[in-house]
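In the two complexes below, chain A is the common chain; its partner is chain B in one and chain C in the other.
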Partner chain A sequence: MRPTIFKFRLYIAGDTQNSIIALANLSALCDSLLPKRHKIEVVDVLREPKRALAEGIFMTPTLVKLAPAPVQKIVGTLEHLARVLEVVGLRAPIV
Partner chain B sequence: MFHRGKRINFRRLANAGLQHKAPTGILGFDEITGGGLPHGRTTLLVGGPGSGKTIFALQFLVQGARVCKEPGIFVAFEEAPARIVTNFETFGWRLTDLLKQKLFFLDAHPTPDLVQSGSFDLSGMLAALEVKAEEMGARRIVFDAMDIVLALLPDAAAKRRELYRVHEWLLAHKLTGLITAKAGGDEETRMGQQPFGFMQFMVDCAVVLNHRVELGVSQRNLRVQKYRGSNFDENECPFVIGKHGFDVAVSRMLGRVDAKVTNERVTSGVKRLDTMLGGGYYRGASVLITGLPGTAKTTLSGAFAEAACRRGERTMFVGFDSDGTEVIRNLTSVGIRLAPYVKNGLLRMISARTITGSAETLLVRIKGLAREHKARCLVIDPVSTLSKAGNELTAHGVAERLIDWSKADGISLLCTSLLDETSSRLDGGTPLQISTLADTWIHLNYLVQAGERNRGLSIIKSRGTAHSNQVRELILSDSGVTLADIYTAGGEVLMGTLRWERESSERIASEVADVAGKLKRVSLDAEEAVLEVRAKSLQTELVAKKVEKTLLTRTTESRAKELSRGHSRMRQLRGGDAAVPHRKKAK
Partner chain C sequence: MKQKKSKTSDDANTELLTLMGTLRTVGQRLEKLTAGQVDMVADSDGRTLLLSGTQEQLKRSENAKQAAILNALPAHIALLDAKGIIISVNDVWGRFDTGNVLQGNPGYDVGRNYLEICDAVRGDGSSDARPVAAGIRAVLSGVKASFATEYQCFTPKENRWYLLTVTPLAENRPTGAVLMHLNITEQKRVALQLAEANERLIILDHAKAEFLDVISHEFRTPLSGLFTVGELILDGIASPEDNIELKNMFQESRRRILSILDDALLLTRIDVKRDQFGSAPVCLSAVLSSAIESTTEVAESRHVTFVTPPANLDLVVGDQDLLVRAFHALLETAVKFSNDGGTVRLAHKVVADSLRVTIESDGWAIPPSALPKFFDIFSVEETLTPGGDLGLGPPVAYRILSLFGASVSVANRNSDGIRLTISLRKAAAEQRGAGLLKQEKNRGARKLKSVSLDAEGGIL
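Up next, the complex of A and B:
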């Protein structure tokens, strides 16, 4: 059985503080829980504002989990790990 | 050294800055603020739920898109744009026509399944808006229900930061911004605790809407809290959400062109009343008729309306007490026929009992209907209804605006006002105190005397016209309304039957005197005739005597002549005698 690949898209706004924190949090999470099972696409809405408009992203940072289904959105710096995991569909690691 | 740098041209700054205003197209609001919202600046609009924030905001955008050639963007944080468009179709703004290029809705309302973790910012939205604004050349932007998105932010500092971000962005792009936000019931205390508290210091203009219920009657008010660099009306102004959107009631503002004043008179419909007023009411004047119930206030209003219609002037009759058809029927009994004018469209009867709501709503409705009907004469019977329960506080202002508005539009206004029979101020002030504003004040009252109740009419004041100081008795009959002189006898005022008795006894007395006079004349005539006859017969006698006298003289002369001739002849005949005197011969 092939492992499920998690696809994420993170919308950030340049190098604003919130965006940097979110990107760091997401990377840490993926590295620890989904080693080699994830893809992260980073969209900078300051560079691609039309995309933000088209895709309805108004709060930055916004994380979209594209796969596995269902597609889910989470807004913010991804600080509360338990909450993020719940949305993404992962169980917290047993320490 | 200090002046070597860039010189600031203050005049240009001033011209480019707040002098320029963005009209909102909201009746009254543009007048309060002297033109609209500050152009290229940010305005904060706060109000409780259902206070009309979204309507205000949308009307501002529609005006921009349709009239000012300033396309706009509506950022909806609360409602889905599709729903807003549907909801606002009722105002007849035809939003869907504008949607293609001039108006854009950005759906930014957080979906219920939105999950949030940690802080975020609005830079994404602003970046998206920037693209859109450039694309459509937007000049106006509304952030509707900003509080919704701010509520998601974890702390006050973050809220403040995002508000600053939006504000800075608006300024940088020279967009005229309007941010709406909810404020709970008691605005003054709640505001300070919210991030909007400081926002009110940040923005250039702040407008507060509130919605109160007083004794079950809803009252809406708007207040401009601040407006940098502009004068504005700082009082709370009542407003109404009407058929076409917002309507802010403005008291007469300074600097507004005064109503056209004419010397033209219009008849009151009662001939003798016109005479008492020195020719009738002035055109465009406001007339107040006060009186107890049943003193024929409606009848006088009806007479005025009928006279106006007879001149061919469009007239509106607003009745609070009874139905239009009822009023017409009742007035027919005193010879005032309004039905033909209703039929040919000159007269419009409005039964205002069907209009519910605050005094303000009533005024707006009356104004709307009068404009629709292009009325030149307006009757409101009775205007005192405005001050019924729940409206005591606002009614005076409403009445004031009613008079100002009718003056400005050149409408001749006739209001009746009911005086409470139990009230102690029987012949003084009216509940609305509009008696001071009215140009002509006619007071009707009863006089109970000798088992009768009679109506008396007097003119308390009439500005600019000579007017009678007399109390007249108002008489209603099937041939119309007339005024009769009253009798004052021995310090008592006689009206009704007493007056009639007095009148008839005087009539009889004068008849008797008349007859006596006639008799005297006849007898004198007879005497005169007798004398004349006598004079004539005497005259004839005189002539006869004169003739007789002449005859006598002549006879005497001729006899004498004959005699003398006879003697000489005889002597001649005798021939011998010398002529001797007759006497001697006789011896």
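Up next, the complex of A and C:
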């Protein structure tokens, strides 16, 4: 049985501080919890503004978990690990 | 009316202040809502807004990048405003050379007017400072697109060279300039070494030329002795048939040795004393007939016939003797590529400002691999021609022609012969007049020629 691949798309705004932090946090999380089981696509909304608009992204940084279903979004620097893990589906919802 | 204007202006100011306040409030509220974790927000139409914290951070980041770039450069860099006041410097700017009146030092800090610094320089450095100040002013006022100068700086340890460049901040309006002092001492040192090495090479070249000159003369005397002795010995051989065969071989060897010696000497002189060769208007037909005459013996030995074009009085730029020598070398080359009993055809025509002469032979073609280096020294092997070794003929012709702005090229004629194409510069009208009159010895002929040249516009 093939392992589940987690697909993420991170919307950032150039090399702004929060965007850089978000990308660093996502990479660290994936490397530690999903080694060789993840794919990250980075979309710079300063370069591709129409794409962000078409996909309904109004704030950056925004992380979208594309797979496995369901699709989930989280805005911010991804510093709150528990909340991120819940959105990603790696642990139960925080009560 | 004035009152109304003033009121309108006050209203606009009040509205502006109110809007600024609203913007600040909106920004603060957005920061609070996003807990400082968002850089940018967008509305449903895609209009984006960078939050104030991000704007500040981007500005700091951009400044840091620019500073890093400037600090990474080894040059002393300062940014001047439109009046010449230093508004920013890189780290290297402060590391000055003692004795350099133009370069940054602790006294030339941000806020000082660099033009005033230059104007105030007295003594040894003033000769450098004055043109620098003028150059900066020219750039700042938009008179000059840029300014650059090299100057020498005498420090206690060594003499250093600097390149000063002044580049405007904007092309169309004088908003300031970037001033850069780059240490070019190493490049100057290398350039100086190269110049010295070049000078030594020139001296060596001259020495080589003189050596070859002496050697060729020294060779001639013992060779003449050997040739005379050889002839005497051959004369004493009893059998007439053997005698003729050996004599021919002997004569051909003697001709080749002397020809190679002469050509080698000329090649060296062209290489080293190029400037010493003068040029004058020369009659092409006279050159061709002399060259054909000097090649007749070789042509007859191979039963090759020359087909010459009708004579004309066109004048070309060159030296009579050297051009004869070049054409002799090319004709001999064509003869050697001809089959025994073949034909070498000459033709010429005017092409724009030049005269093009073609020499075509029926016989062997040049192997494609040998074509590109045909005019190199000893590049064509003896076995590639039916007539034997070409000696130094092709390179000699090539270099003589290049002396006078002429050229020669070679090509095969459908694999059964070669075609040499020579392009010579036509003499200008005034040169033609002088050249022709000089050549005409007959008074009557001179008179006729004068009439003809007058019609062409030559100066008589």
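Just a few scattered comments:
Please note the rule applied: the second predicted complex is superposed on the first by the 90 of 95 C-alpha atoms of A that agree within 3 Å, B and C clash if a C-alpha of one lies under 4 Å from a C-alpha of the other, contacts with A are read in each partner's own complex, and residues count from 1 in each chain.
Note that in this section contacts are C-beta pairs under 8 Å (C-beta built on N, C-alpha and C of every residue); 3 or more make two chains touch, one makes a residue touch a chain.
All of these numbers come straight from a predicted model, not from anything done at the bench.
Per the definitions stated earlier, placing chain B and chain C onto a shared chain A by superposition produces a clash between them. In the superposition on chain A, contact of A:Arg37 is made with neither chain B nor chain C. The wider contact with chain A, measured as residues touched, comes from B rather than the other of chain B and chain C. By the touch criterion defined above, A:Thr77 lies against chain B and chain C together after alignment on the C-alpha atoms of chain A. In the superposition on chain A, contact is made by A:Asp15 with chain C only, not with chain B. Of the two partner chains placed around the shared chain by superposition, chain B is the only one that A:Val87 touches, whereas chain C remains out of contact. With the complexes overlaid on chain A C-alpha atoms, the stretch of chain B that clashes with chain C is 200-208, out of 56-64, 92-100, 182-190 or 200-208.
In the superposition on chain A, chain A positions 13-14, 16, 18, 45-46, 49-50, 52-53, 57-61, 75-77, 79 are in contact with chain B in one complex as well as with chain C in the other. Taken in their complex, chain A has these residues touching chain B: 11, 13-14, 16, 18, 21-22, 25, 45-46, 49-50, 52-53, 56-62, 72-80, 83-84, 87. Listing the residues of chain C that touch chain A in their complex gives 34-46, 48, 50, 53-54, 57-58, 61.
Listing the residues of chain B that touch chain A in their complex gives 106-108, 111, 113-125, 127-128, 130-132, 149, 152. Within the complex formed with chain C, the residues of chain A that make contact are 12-19, 45-46, 49-50, 52-53, 57-61, 75-77, 79.
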